[in-house]
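First up is the structure itself, then whatever we jot down about it.
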Amino acid sequence: MNTEKYPEDAQVLCDLCHLFGERGWCRATSGNFSVRIDGSHCLITESGCDKSRLTTDDLMVCDLQGQATDPLRQPSAETPIHTCLYQLDESIGAILHTHSVCSTLLSIQSGPTLTITGFEMQKALASSNSHEEEISVPVFANSQDMDALAKELVAAWNEERVRVPGFLIAGHGLYAWGKDAASAQRHTEGFEFLFECLWQQGLVRSS
Amino acid sequence: MNTEKYPEDAQVLCDLCHLFGERGWCRATSGNFSVRIDGSHCLITESGCDKSRLTTDDLMVCDLQGQATDPLRQPSAETPIHTCLYQLDESIGAILHTHSVCSTLLSIQSGPTLTITGFEMQKALASSNSHEEEISVPVFANSQDMDALAKELVAAWNEERVRVPGFLIAGHGLYAWGKDAASAQRHTEGFEFLFECLWQQGLVRSS
Amino acid sequence: MNTEKYPEDAQVLCDLCHLFGERGWCRATSGNFSVRIDGSHCLITESGCDKSRLTTDDLMVCDLQGQATDPLRQPSAETPIHTCLYQLDESIGAILHTHSVCSTLLSIQSGPTLTITGFEMQKALASSNSHEEEISVPVFANSQDMDALAKELVAAWNEERVRVPGFLIAGHGLYAWGKDAASAQRHTEGFEFLFECLWQQGLVRSS
Amino acid sequence: MNTEKYPEDAQVLCDLCHLFGERGWCRATSGNFSVRIDGSHCLITESGCDKSRLTTDDLMVCDLQGQATDPLRQPSAETPIHTCLYQLDESIGAILHTHSVCSTLLSIQSGPTLTITGFEMQKALASSNSHEEEISVPVFANSQDMDALAKELVAAWNEERVRVPGFLIAGHGLYAWGKDAASAQRHTEGFEFLFECLWQQGLVRSS
């Protein structure tokens, strides 16, 4: 099983990497991106690639236990977060992890929850119908132990603390998802826009 | 009646979507853009499109009551604002709604009017001849009821409170217009430039 | 005499317009750019063009009294500043007027002189050999009377108050020049970089 | 010995110049970039080139004493820093000097060492395995005497004060390196990302 069997999914992922790469959301080979290709596998960016110049050869197939179908290839260290999400929710079709300056800064400054209200852009997040609602983005402490992070995510999910299609890891960035790549892109862009707004508002408020 | 009949208008709108998309003015499928094609119809972006990759197939024709000529297509939820403006002023040939970080932030921070003076860029707005004039940009409260917003706009228009070719919706962004797409682009870029300047000045003043 | 006779100069100007246009330095048809083509004429951008999509057809030839060689064409309102500089100094081969957010903001905030020291980038300005020197950028009050502005420039020039290859107009932006387009580009980029640094430092100092 | 003999290295350097040029990291012909081509030579950008439009013709070969193999060509004034690093560490295969706004600002504001902790992005720097480590970036005073700067670098190196693959020069920017161009790019992007974060945090803290 290899990436050539999924030329459309591979191209969609590549295009997203280039788009987000130009925006500075996955500098220094950070960030990783995946799409589900069937009930038990996803296509995911390989570890250590420059996203702004990624080609479909830099993508790999792995199962939802995080094992590469090609034993010679190394999935990203953050693969357990992706596979954990695909297992938690069958309706998730794509997961995008961005590592932008604003998501990094806000995730360090906020406590365990980032609360957002008053922005029309909240409606870009599937869970929100109006700018008057208040949305809460979970913020997990950073860890180099990805399995521990995945367990924390499962606990939060089961306690229904993940009510928007994304969460932050402190000092590390955003994970956002959707039913397909277009939906995940919309959610990611919505979160990143809101983070930019909150950071800028914080510069005013802090003074 | 379909978009293929207006290939030049469709291409101009597409090019503007790409240009503004690259600048981050319509992230997460936000923003919508239209040009008038005759006395009773306009060409407008369809709901939910990624503007940075929009094609002419993502544009649709609707009449000035907001009805799509193709019953299978869904115009943007914000279509009533566009059609309301085309009805208010026959000289309006294009309307551009951007959803930038700075227009969002300023529209939340300001009261019902944003006052601007001292900038040469004011001359980019058709109504201004000098940097010494003071211009006033109306700011409407945000609402999920587009017809209510359109009524508020009509009232402000009739009371002559809309003296520049644009207005803000709080937490939601800018609507700007002109006699054609080039003119509307110039006005949009002028407003966005001035909003960036005002936000930056606010960072200094607030401290 | 028309632009087709100077295809290389025209292409260089066009490329600069696109490059600076992408950086947001000449939004809303602001900015204007010229190169000297002989002892008594220059090639200059026509009034009201979108610089990000400018073609060589949007350039025109005018003499150093600001008269277009083609009577049907309208040179930019700011042409007198360009022709004044070409007359003041025979060694000037290109003049670039940018209208960036930072040059606008700094020019409003500063008094009649902007002083810069401590930056390696000062060496990009022909007049500076070390980061330890102090350079002074003249800032003129804005005016809608271009001939009056040109006279003020001549006075400052004759009093040797213009010791760097550029000056600011308050609320309006930067004029920079050089012996050719490449040199003028280097000076413009050097000034704009320094203005960004000074504005950012001001955000810290003002708090 | 000329650049045509190293078409792949030359193309890699060119691509990096364009990429970094678009990001504003080497404006006004600032910045310089090199790759080692054998035990005693490197390929380096020529002095005074616009990096956003650099071609392989703007690259030159020089030996590790900084002498151009083509006597008609002028290596960048900062060549001694490059050759010094190649001599200090045989494993260095590429060196990238960026001159960004954030690296300039931070290097002026910080003392002789910039300390960074709490960011996942630290892991992009080869020397760091966790966001919990503290990394120290040396900051040297700026000087127009490149040989003196190179000597200061050698002293710091021998005292093991250079424990990350990069350092700052005050008011001047970043030097970063790696075993090859991809590794040096990753380090440069990691540093620049962290500098943006620190500068933004400083805006909050200073208020």
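For reference, chains read A, B, C and D in written order, and residue numbers begin at 1 within each chain.
Just so we're on the same page, a residue touches a chain if its C-beta (ideal position, glycine included) is under 8 Å from a C-beta of that chain, and two chains touch if they have at least 3 such contacts.
From a predicted model like this one, the values you see are computed outputs, not experimental measurements.
Asks: For the copies chain A and chain D, give the interface type as same if over half of its residue numbers appear on both sides, and as different if under half do.
Replies: different
Asks: Where the CA atoms of chain A average out and where those of chain B average out, how many Å apart are those spots?
Replies: That gives a centre separation of 31 Å.
Asks: How many angstrom lie between the CA centroids of chain A and chain C, rounded to a whole number?
Replies: Going by mean C-alpha positions, chain A sits 44 Å from chain C.
Asks: Using the touch definition from the top, which residues of chain B touch two or more other chains?
Replies: If we look for residues of chain B contacting two or more partner chains, we find 203, 207.
Asks: With chains as vertices joined when they touch, what's the shape: line, ring, star, complete or other?
Replies: ring
Asks: Quick check on the complex: what are the chain D residues that touch chain C?
Replies: These residues of chain D touch chain C: 24, 27-30, 50, 52, 99, 101, 104-105, 108-109, 142, 144, 169, 171-173, 199, 202-203, 206-207.
Asks: Using the touch definition from the top, list the residues of chain C that touch chain D in their complex.
Replies: 19, 23, 118-121, 124, 129-131, 182, 185-187, 189-190, 192-193, 196-197, 200-201, 203-204, 207
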